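Every chain is named by a letter (A, B, C and D) in the order it is written, and numbering of its residues begins at 1.
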Amino acid sequence: MKLLLWVPFFIFPALVQSNFILTIFIFSFILAIAAVSFNLIFGFTGQLSMFHAAAFGIAAYTTSLTVSIFQVSFWVALLPAICFTIVLSLVIGSICFKFKLRAFYFAVVTLAFSELARLVILNWNNVTNGTLGLMVLDKPSVWLPVGGMVKIDGAVGWYFFSLAALIFTVALCSLVLRSWIGRCFAAIRLNEDLAQTLGIDIFRYKLLSFTLANALAAIAGSLYAFYTGYIEPNYLSINQSLDIISMVLLGGRSSIIGPIAGAFVLTGLPHMIDLSGETRAMLYGLVLILTILIMPQGVIGTLATWRRAA
Amino acid sequence: MRRFIWLVILALTASPAAAQNVLKIGQIEAQTGANAIYGYMSSQGLALAVDQINKAGGFKVADKTYTIELIASDTRGDPKEASIQFKRLLETEGVKFVYGPFLSNVFVTIEPYAKQFNGKFLLMGGATRIHDFLGTPDHDFLLRTWNWDAGPKGFGNLMVDRLVAETGAKKIAMLFQNDQGGKVLVDIYTPLFKQKGIETQLELFEPGTKDFSAVLAKLAAGNADILFPSYSDAYLYDIVRQATEGNYFRKFFLVRGSLGPGLKNKDEIDDYFVYVPKYFEQAEKTDSKVAKFVADYKAFYKRDFPYDQAPLCSSSCYDHLFMLVEAMKKAGTVDDVAKIRKQLLSMTYEGLWKIRFDEKGEELFNFDILRMKRGGQISVTGVDAQ
Amino acid sequence: MLQLLVGQTLNGVIVGTLYGIIALGVTLTFGITGIVNFALGEFMMIGAYVTWYMFDIAGLPYPLAILPAVAIAAGCGFAADQLLFRFTRNNLINGLLVSIGLISIIEAAALVLWTTTPKDMGYVLSGAFRLGAVSLPKMKIVVFALLAAVMFLTYAALSRTWMGRAAYAFSQNPEAAMLMGVRTEILQSGVVVYSTALAGFGGALYASLYSLEPAMGGLYILKGVEAAILGGIGSLIGSVAGGIILGVTEAVGSIYLPGAFRDAYGLVFVVAILLYQPAGLFGTER
Amino acid sequence: MLLEVIELTKRFGGLTALSDVSFAIGTGEIVGIFGPNGSGKTTLLNLITGILAPSAGRILWKSTEIQGQSPHVIAAAGVVKTFQNPQLFLELSIYDNVAIASHLRLRRQYGLRRLAELLPWRDAARHSEVMQRVDRILALCRLDSVRERTAAGLSYGQEKMLGVAMAMMCEPDLLLLDEPASGLGEDEIRTLEEVLRDLRGAATTLCVIDHKVDFLARVADRAIALQQGLMIAQGAPAEVLHHPRVIEAYLGRHHARA
């Protein structure tokens, strides 16, 4: 039933040829992947991780570097990127959760780790080319029933590619969340002490949530790098994390599709109405504050409540 | 979600189709954010130029009068924002002349897309990375609107020559921000100094640093004769003050930034070399064009004239729009991009600056080298890069 | 080399007290309202710009320029508290995000008012004391003295006055404190405003040392929070000590190690401390 | 012996909450632990279930040491407790609360086969027999009428019953109930007693903590009395209740002499 929601997205490119509109959608899709995955650890497990942008950026670098150094295809390079992210997440997650860092302290420590990651990439010049960043010239190619292997290039190709990736992410998340794993996440979010006495291994499931979220963020990062064709240390910056957080909050942290809405609004809106940088920044801050104070469940959440009320 | 899609479509249809006799000019610069220092001045200068041309009733090409519509959105130095805005300029707005970007990260992101439109538009930006693409196949749309430091005619060479001639420095300490601009400076100047047999010592600092005494002390321990500090005034004020107060350095060599920090500490400084595209404080008195520009700026923005940053107006804005218009008049067309480009490359424009492009499309303009001695007496040397 | 080390240690201490005053605000706010006010850095920025305006443009003497700076920062703090933070008491994540929203608003406003062009205030006091290669700018010493004084007064006030004891009691055990007749609302607003005033004061002193730009707040709040955690959130002495440790680590660190990693030294420290002693150096597990 | 507690001691800074307490619980019996407030009952429970680590002493579960283990490990081993003031997943429905509590049961029964749940074509409501058990327990605890309500909207008595229900869902070998009867009305207590009987029927060993003496006397086979962290008596409920030190603890010296 839910699948029908996706139909408009598939017919959309037929309606608008505009490269500019499609670009907004592509960026929204890719960032939505990051937002949805972040919501696993933030919205569903209740842990405010600040490592998300780092996972996003590290994967972006790993993939592009693997491609450029070993001359392999995007898909081959994606694998080590995801594995590397998973290993990192396991290490950092174990540290944080072993020491039972809660709420704010977890946020700070993960933030510290992502800053360290950024500084390493920033100063590891001979590999990452430092602040000048790297150009990513290769494009991923996929096999299609019609036309066999095709390089993904141009807006329409990327539109469907990123859309597919987003659908994959959403599907994976919803499957995980409806399973016993999802129940454990909820238990941890709502009452850790009780969860423990019910025999739920908090450490294990927090770690799982953290790792899964980062692994999906890794996919988003690699896509982003290959779509923009350029990577720079700013991918790992705090602001990147904050953008993702605000997408989740705006859309709503209680649902899977909420963050997607958030990603669309925050990516698209600035280009719908032309504003000076300052006004836009103010608007952004205002929106963030109002969402939190007035509709804490975010756009989608609020709509849902209304529907239930009606 | 669907409602949003409708929003998009509405916005799309609502965007006005190019009206008669209106020439659309686009600009993609960072007007705000950490790297806005160049984009900020560029966007201000361009807006001012557009205003003046339109106030004058537009301009005449092939007995048709055109007014200019400027579409300048703020990239905040973010490649994502930039590429979306850029695509919008070329596709939905159908812009043929785009100013900017000054940031290399933005440029390399839009380059692959831009070259699909090769021959259909002109991109006039200052980014250092543009230099690498000039004159390469299907990059005829590129013009670099900033003097190149290196090379025989580059101001870097001229500055270093003068430094050697006038001070005979043996060792120079470089203190740059650890970012795009800083790295570029290292790449360009380290070899230059080496050629002239000057020893170099490098320290990079994190963006946002305000207290430099530690790193300055470290550099001073290396006994360099002269300090070559970061390129943005946001840091120069602090570096120069702390360097002199702490008695670490009293000689400075700058290729970016302004005289401001030097003047502020003039009694503590022995020697202060600066490259500035133009020394407005003086040019204002001697050159009527400059005086007019300053007056117009104050009138248009209703705020004081930013002498520190105004030299950056040379980057890609005020003059370049007038130059473009002139080229259009000469070429007798507003949309035959190839013709207009040929005109631009062949002409020399006398505005605030004397601007000429070399055969590859890289700009050469005259600039000033300032030298301030202890107590603040300043000697200005105008250099004609052509 | 020794002289270099000594000089930078001293310098680090002074820079650290500037972190410390923000950390003090962070710790107070956290203890009483249960949120981390990341916008404190922006109040520091406000204080700094107001000082610059009063001193350079309005031409007041520096001591008189500080007062309006602190007042205005506190005023903005009061407004922010009544409009926003009042609704995020003890809700860490919401408080965090509201303050982030506030940051982008204040910073944008500053951009409109003062643009990205850096403002460098006229020197209140220039020159430095020298001893061999060790040199300390006079102004830095003044700043240090003033900060130390304010920190001491804050500490004294919190340990001597009724309000202070009430605040302490509250941070230890809210319910009990309320039963003892502590007026929660007033106490909380009071502390939020006071911490913004501290930040404003820090900004006023900052303006006498460094040049100003709208983005300055962001860096300092990060340092402030690092310092607060380092010393142990909820501990006054801890936050100040944390700031000084951070300052010294950075100053000395960038002598022996590449300066480009300066920000990393503090972070590594923080992570280590948090894992070794989650309550921070001076903090007590609650 | 199912559970053996040997010279268990717990100190919080200065004060000693529990000192040298030793006792054992055999399979299938219902042990009642009582004592006035602050006598260390809850501390004892938290030590056994691993929420606190003991300062000294040992806890043997099925003759292996478990002291200092983390709560979920001990729960998985078959020792589950309810909370004195009920801990619930307030935002969730009664049904979901109990469903989460089925974690251990599912793990024991399916182990890694639970991964099959991730397959898209397996619908969410599998493991029907487990879900049936949820229904049975809800019915037993008189909660089936409110199963869809969120836990936040329950009466105190219902909250307690939900706590018990969740504990039962874990199918423990030893169930520790922390003051299950406190704050319950008469009929609710009767329900509780039925539940306990049913549990015993399911061969669950019970350890009930309460200061409701009469209630314990009704349900327990054996009683243990604590006072200020010391075990002052144990044996058949009747004897323990008339043990002079117990009376003293409850009613003060003069009664004891009388």
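The rule we apply is simple: a residue touches a chain if its C-beta (ideal position, glycine included) is under 8 Å from a C-beta of that chain, and two chains touch if they have at least 3 such contacts.
Predicted model only: the values in this text are computed from it and were never measured.
Peer 1: What chains touch subunit B and also subunit D?
Peer 2: A
Peer 1: Spelling it out: a chain qualifies if it touches subunit C and also touches subunit D; which chains qualify?
Peer 2: Both-contact set = A.
Peer 1: Can you work out the whole-Å distance between the CA centroids of subunit B and subunit C?
Peer 2: 36
Peer 1: For subunit A and subunit D, what's the span in angstrom between their mean Cα positions?
Peer 2: Taking the mean C-alpha position of each chain, the two centres sit 42 Å apart.
Peer 1: Compute the distance, rounded to whole Å, between the mean C-alpha positions of subunit A and subunit C.
Peer 2: 33
Peer 1: Which subunit A residues sit where two or more other chains touch them?
Peer 2: 122-123, 277-278, 281
Peer 1: Counting only residues that touch at least two other chains, what does the list for subunit C look like?
Peer 2: Residues 108, 111, 258, 260-261, 263 of subunit C each touch two or more of the other chains.
Peer 1: If you look at subunit B, which of its residues touch at least two other chains?
Peer 2: 32, 36, 178
Peer 1: Which chain pairs here would you call touching?
Peer 2: So the chains that touch one another pair up as A-B, A-C, A-D, B-C.
Peer 1: Provide the residue numbers of subunit B that touch subunit C in the complex, in ascending order.
Peer 2: The touching residues are 32, 34, 36-37, 40, 178, 203-206, 208-211, 213-215, 217-218, 221, 233-234, 237-238, 241-242, 245-247, 260-261, 264, 306, 308-309.
Peer 1: With touch defined as at the start, can you tell me which subunit D residues reach subunit A in the complex?
Peer 2: 49, 51, 70-72, 75-76, 80-81, 83, 87-92, 96, 99-101, 103-104, 106-107, 114, 117-120, 124, 166, 170
Peer 1: Would you tell me which residues of subunit C are touching subunit B in their complex?
Peer 2: It comes out as residues 1, 4, 7-8, 11-12, 15, 108, 111, 115-118, 120, 123, 126-128, 130, 133, 135, 137, 209-211, 213, 215-216, 218-219, 250-252, 254-255, 258-263.
Peer 1: Subunit D touches which residues of subunit A in the complex?
Peer 2: Within the complex, subunit A touches subunit D at residues 171, 175-176, 178-180, 183-184, 186-187, 190-191, 193-202.
Peer 1: Quick check: in the complex, which residue numbers of subunit A touch subunit B?
Peer 2: Listed in rising order, the residues of subunit A that touch subunit B are 5, 8, 12, 15-16, 18-21, 23-24, 27, 122-123, 125, 130-133, 135, 137, 228-230, 232, 234, 260-261, 264-265, 268, 270-272, 274, 276-278, 280-281.
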